[in-house]
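All remarks here apply to the structure that follows.
As written, the chains take the letters A, B and C, and residue 1 is the first residue of each chain.
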Amino acid sequence: MDHTRFFDKKSESLTLQQIVDITGAKPFTDVDLNVKISDISTLEKATSSEISFFSSGQYFEQFQKSQAGFCLVDEKSASKAPQGMTVLVHKNPYFAYSQIVNSFYKVKDIEFDGTKLIHGSAKIGEGTKIAPNAYVGKNVTIGKNCFIGPNASIMDNCVIGDNCIINANVVISFAVIGNNCGFLNGAKIGQDGFGFAHNAGVNHKILQLGIVEIGNDVEIGANSCVDRGAIENTIIRDGAKIDNLVQIAHNVIIGKGTVMAGCSAVAGSTKIGNYVQVGGGCSISGHISIGDGARIAGMSGVMRDIEPMQIMAGIPVQPIRDWHKINSKLVALIKKSDKNN
Amino acid sequence: MDHTRFFDKKSESLTLQQIVDITGAKPFTDVDLNVKISDISTLEKATSSEISFFSSGQYFEQFQKSQAGFCLVDEKSASKAPQGMTVLVHKNPYFAYSQIVNSFYKVKDIEFDGTKLIHGSAKIGEGTKIAPNAYVGKNVTIGKNCFIGPNASIMDNCVIGDNCIINANVVISFAVIGNNCGFLNGAKIGQDGFGFAHNAGVNHKILQLGIVEIGNDVEIGANSCVDRGAIENTIIRDGAKIDNLVQIAHNVIIGKGTVMAGCSAVAGSTKIGNYVQVGGGCSISGHISIGDGARIAGMSGVMRDIEPMQIMAGIPVQPIRDWHKINSKLVALIKKSDKNN
Amino acid sequence: MDHTRFFDKKSESLTLQQIVDITGAKPFTDVDLNVKISDISTLEKATSSEISFFSSGQYFEQFQKSQAGFCLVDEKSASKAPQGMTVLVHKNPYFAYSQIVNSFYKVKDIEFDGTKLIHGSAKIGEGTKIAPNAYVGKNVTIGKNCFIGPNASIMDNCVIGDNCIINANVVISFAVIGNNCGFLNGAKIGQDGFGFAHNAGVNHKILQLGIVEIGNDVEIGANSCVDRGAIENTIIRDGAKIDNLVQIAHNVIIGKGTVMAGCSAVAGSTKIGNYVQVGGGCSISGHISIGDGARIAGMSGVMRDIEPMQIMAGIPVQPIRDWHKINSKLVALIKKSDKNN
C-alpha cells in the first residue's frame, strides 16, 4: 500500500505472533513466530513479506498463483496453498483480515484550522475561484482555474488538477483527480466502501484503505457516489462520463470514454472496459468484467461477464436479440392462452 | 403521540363538533358532539379518547380490533366498525385525517441563533469535533467523541449519541440516534415522508408526525435517505448497515444487523426483520413484511411478504431456485424456436 | 432562445461562412455564405433566420415540417429536407450542433460578493428566513415567507416564489420556481443535463441552454435531481409531487398533479401527462410520451409510449393484466416441469 497521503501506518511491521494474537488464527505448519510481516495486500500484489487473505472461491486462481508470504485461509483451503506461503488458518479469514488492517493502518486525523474554511496548509492554483462558504481541508492541492461552489467540501489531502468544476454541495475526499473534470451538484466522492465482515452476529466495519483515482475530462453527475477502494483503488479513467444518482462501489474500474446513464449502480470490484455504454437504471453485480465497447440497455441486471462489443439487455442480462425474442414469445403465449379461454 | 421534542400540540383536545366542522365528516350514529377527542393515532394504538382512520382494506383486521374511540371511515365500511367505536363517515377518510392532523399538531418553528452556526442552546459532548461550517440547531444534543463534518446540518431538537461520525454534507433532522453510528457523505435523515391525500384534483400534503429512531452501530451510506414516520416512527435497529443511495420511506422498520446494498428502496410501512440481506437495486413494496434472515438477490422486485430465512430473487420476487428455472426455460424456449426457424 | 437571465449571447449572429468554418459542414446546395444566422433552436421552433439540427430518425416528422432556415443534417438525409431549408451536411450533426452552441452562448460567470453569503444584489421577500450558512447568489429573487435551510445553495439569477421551503443542503440553480413549493433535504435542481456528442473517441460536453421551470405547489424529494434542459426547458407543472432519489433528465415535462414515487428515473425529453402515477423504482426511457392519468406499477421499465388512463407494469412495460398473466404462466410452466422430472 502506498497511501501515506491519506492513511498513517501504525506499525512498521507486525510479527507472526502478533497476527496470531490479534486474530486467533493458527499457523497450518510449524513456523517461526518471530518473523516480521511488513504489510497487508491483495493476493495478486502481496510480496513475500506481506500478508493477504483468501475467502472466496471466485479468487482461487489468484490464491494459487499468489506470491504472498503469508495468507489467512479457512481450514478446507489450507492444504491448497501455493508453495512458500505461510498459511494461517481462521474460520473467517475476511474477518481476521479486518482485524489486521486496523493494526497496520489508520485514517489520518482530520484537523480543522480553527474557524478557517480554507485550511492554511491548502495550496490553491492561480485563477481558481472558491465560494465564500466552501470548505477546503488540510494539505489539499487544487490546480489552476478551478471553480469550487458554495457548500462544497474538499476534505484533507485531496489533489485536484487544473480547470476542474466542483459544483455546489459536492464532497471530495480520499481522491486524486486529473484535469478538466466536472462534479455536478451534490456528487460524493471517496467515502468508505461498503465493507463489513460478519462475525458472531456483528457486522464489523473494514477499514477502507484505497482511494479514488479520477483521470482527466471525467464528469460525475449530481448526487452520484464513488466509494474509495477497500485495498486497491477505485479508478475512473480519462473521458468517462457518469450521469446523476449513479453508485460506483469500492475497487470498481471504469474505462476510458465509458458513459453511464442515470441511476445505474456498479457493485464492488467490477471492471468496466473502455467506451462501454450503460443505460439508465442498470444494476451491475460485483466481481465481474465488462469488455470494451459493450452496450447495455437501460434497466438491465448484469450478473455475469460481458464480452467486448456485445449488446445486451434484460434481467438477467442476455444478448439483446434474445431478450426481444423472449419478450415476443411471452406476449404470444398469453395471446394464445386468451384465445383458448 | 409523544413527539413533543419536535412537534407542538396546538390543541389539548378537539370536540367531535370541531372534527365534523373541519372535515365535513358525518357521525354514523347519533352521538354527543360535545365529547372531547384528545389526540390522533393509528388503529392499533388509539385509545378510547383518540381518533384514527380506516382507508385501506389491507388494514381491515386492525380496524375490527381497534380500541379507537373515534374513527374516520368511508360509507361502505361504517357498519363494520367494532362495538364502542364512534364512526365518522367521510368519502375520503385519509384526506379527512390529513385535515385533523393539522388541527392537532404543528412542526416546531425553526429558530436561528442570529448568525451563529452552533445554536447557543445546543449541548455538545466532550471530545466532539465540529467542522467550522457545520450547522447545529436549537436544542440539539450531541454525545462525546463525535465528528461533525463540513457543511453538515444537524437540525433542531435532534439527539445524537456518543462516538458518531456525521460526515460532510449530511443532514440529520427529526431524529434520535444511538452510539457508534456512521453517516456517510450526503446522507439525509428525517425529512418528510412522501404522504399526500388526493382530493378533488389536489395532492394534499399530510403532516408527517413521526420521527426517525436509529439504534447503535448503524451505518447509513452516502446520499441515502431515511424519511421520518407519518404517525409512527421510522426505525433502524442496532447494527443495521445501509449502503449508498438507498431510500427508506416513512414508518419502515429495519431489523438488527440487516444489511442493504446500494440503490435499494423500501416503500412505506414495510417491516424488514433481523439479519436480512438485501442485494443492490431492489425495490421493496410498502406495507409488507420480510422475515428474519431472509436473503434477497440484487435487482429483485419484492411485492409480497417473505418468510424468514427464504432466499429470493426476480421481478416479481420468488424462491431463487424457481427464478433460475424460469430463466433457463426461457432461454431453452428461444433456442428451440431458433432451431425450428 | 430567451434565457438571457442565465446565459450570455456571445454573438448577435453568425454568418453561414462562420458556421461552416466552426463545424466543417458543407452546404448541400449553392448558397450565399454571407447570410446571417441569428440563433439556434429546435426543429419545431426554429424560424427562417435560425439554425437547427437533425440527427435522429425519431424526429423525421419534425424535420420535414421544420421552418428552420438552416439545418445540420447527415448526408443521407440531406435530400429529404423541406423546401426553403438551407441544408448543411455533416457526418455528425449533433457534434456540429454542440460546436455552434458554444459560439452563440455561454453561461454567465458566477461572481461571488467577497465573503458575503447573501449576494448584495439578491432580493429577499418579507418574512423569508435564511439560515446563517445558506448561500444566495447574484441577482437571485426570493419571494415572501420562504425558508432557506442551512447549507442550501441558491445559485445566481434563480427566481423563487412565495411560501417556498428550501430545506438543508438543497441546491437550486438555473431555475424559475412558483409559489408554495417544497424541496426536501439535498434535492438538486438545475445542473447540466447529461448531453455529450461522441466524436473521434471523445465525449464532447454540450452546453445545456435550457433551464428548469417549476410551477406552484410542487414538492421535490430528498436527494432527487432535476437537470436543466438542453435547448428547451425541463418543466414540472403545478401540484406535481416527486419523492426521494428520483432523476428527472433534461427536457422532461412532468404534468400537473403527477406523483412519482422514490428511486424512479425519467430519461431525456420524455413527456409525462397530468395526474400520472409512477411507482417506485421505475425507469422511463427518453423521447416517449405517457398519457394523462396513466398508472405505472413500481419497478416497471417503460420503453414505449403509454396511452392515457392505462395501467401498466413489467419490464418491458405492458398492460398490468398481461403482466400478471405472464407471471402466472411462468410459475405454472416450472411447476409442470417439476412434476415431469
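To be clear about the criterion, contacts are C-beta pairs under 8 Å (C-beta built on N, C-alpha and C of every residue); 3 or more make two chains touch, one makes a residue touch a chain.
This structure is a prediction, so every number in the text was calculated from the model and none was measured.
Enquirer: Touching chain A and chain B alike: which chains?
Expert: Common neighbours, chain A/chain B: C.
Enquirer: At the place where copies chain B and chain C touch, is the share of residue numbers found on both sides over half (same) or under half (different)?
Expert: Both copies, chain B as well as chain C, present different residues to each other, with under half of the numbers appearing on both sides.
Enquirer: I'd like the Å distance between the centres of chain B and chain C, where a centre is the mean of that chain's Cα atoms.
Expert: Chain centroid spacing, chain B to chain C, equals 31 Å.
Enquirer: Give me the residue numbers in chain B that touch at least two other chains, ranges are fine.
Expert: Expected reply: 133, 151, 169, 186, 223, 245, 263, 315, 330.
Enquirer: Give the list of chain B residues in touch with chain C in this complex.
Expert: 110, 112-117, 133, 135, 137, 151-153, 155, 169, 171, 173, 186, 188, 190-192, 194, 196, 201-203, 205, 223, 225, 227, 245, 247, 249, 263, 265, 267, 283, 285, 301, 303, 315-316, 318, 322, 325-326, 329-330
Enquirer: Any idea which chain A residues touch chain C in the complex?
Expert: Residue positions touching the partner: 129, 131-133, 147, 149-151, 167-169, 182, 184-186, 217, 219, 221-223, 239, 241, 243-245, 257, 259, 261-263, 275, 280-281, 298-299, 315, 327, 330-331, 333-334, 337-338.
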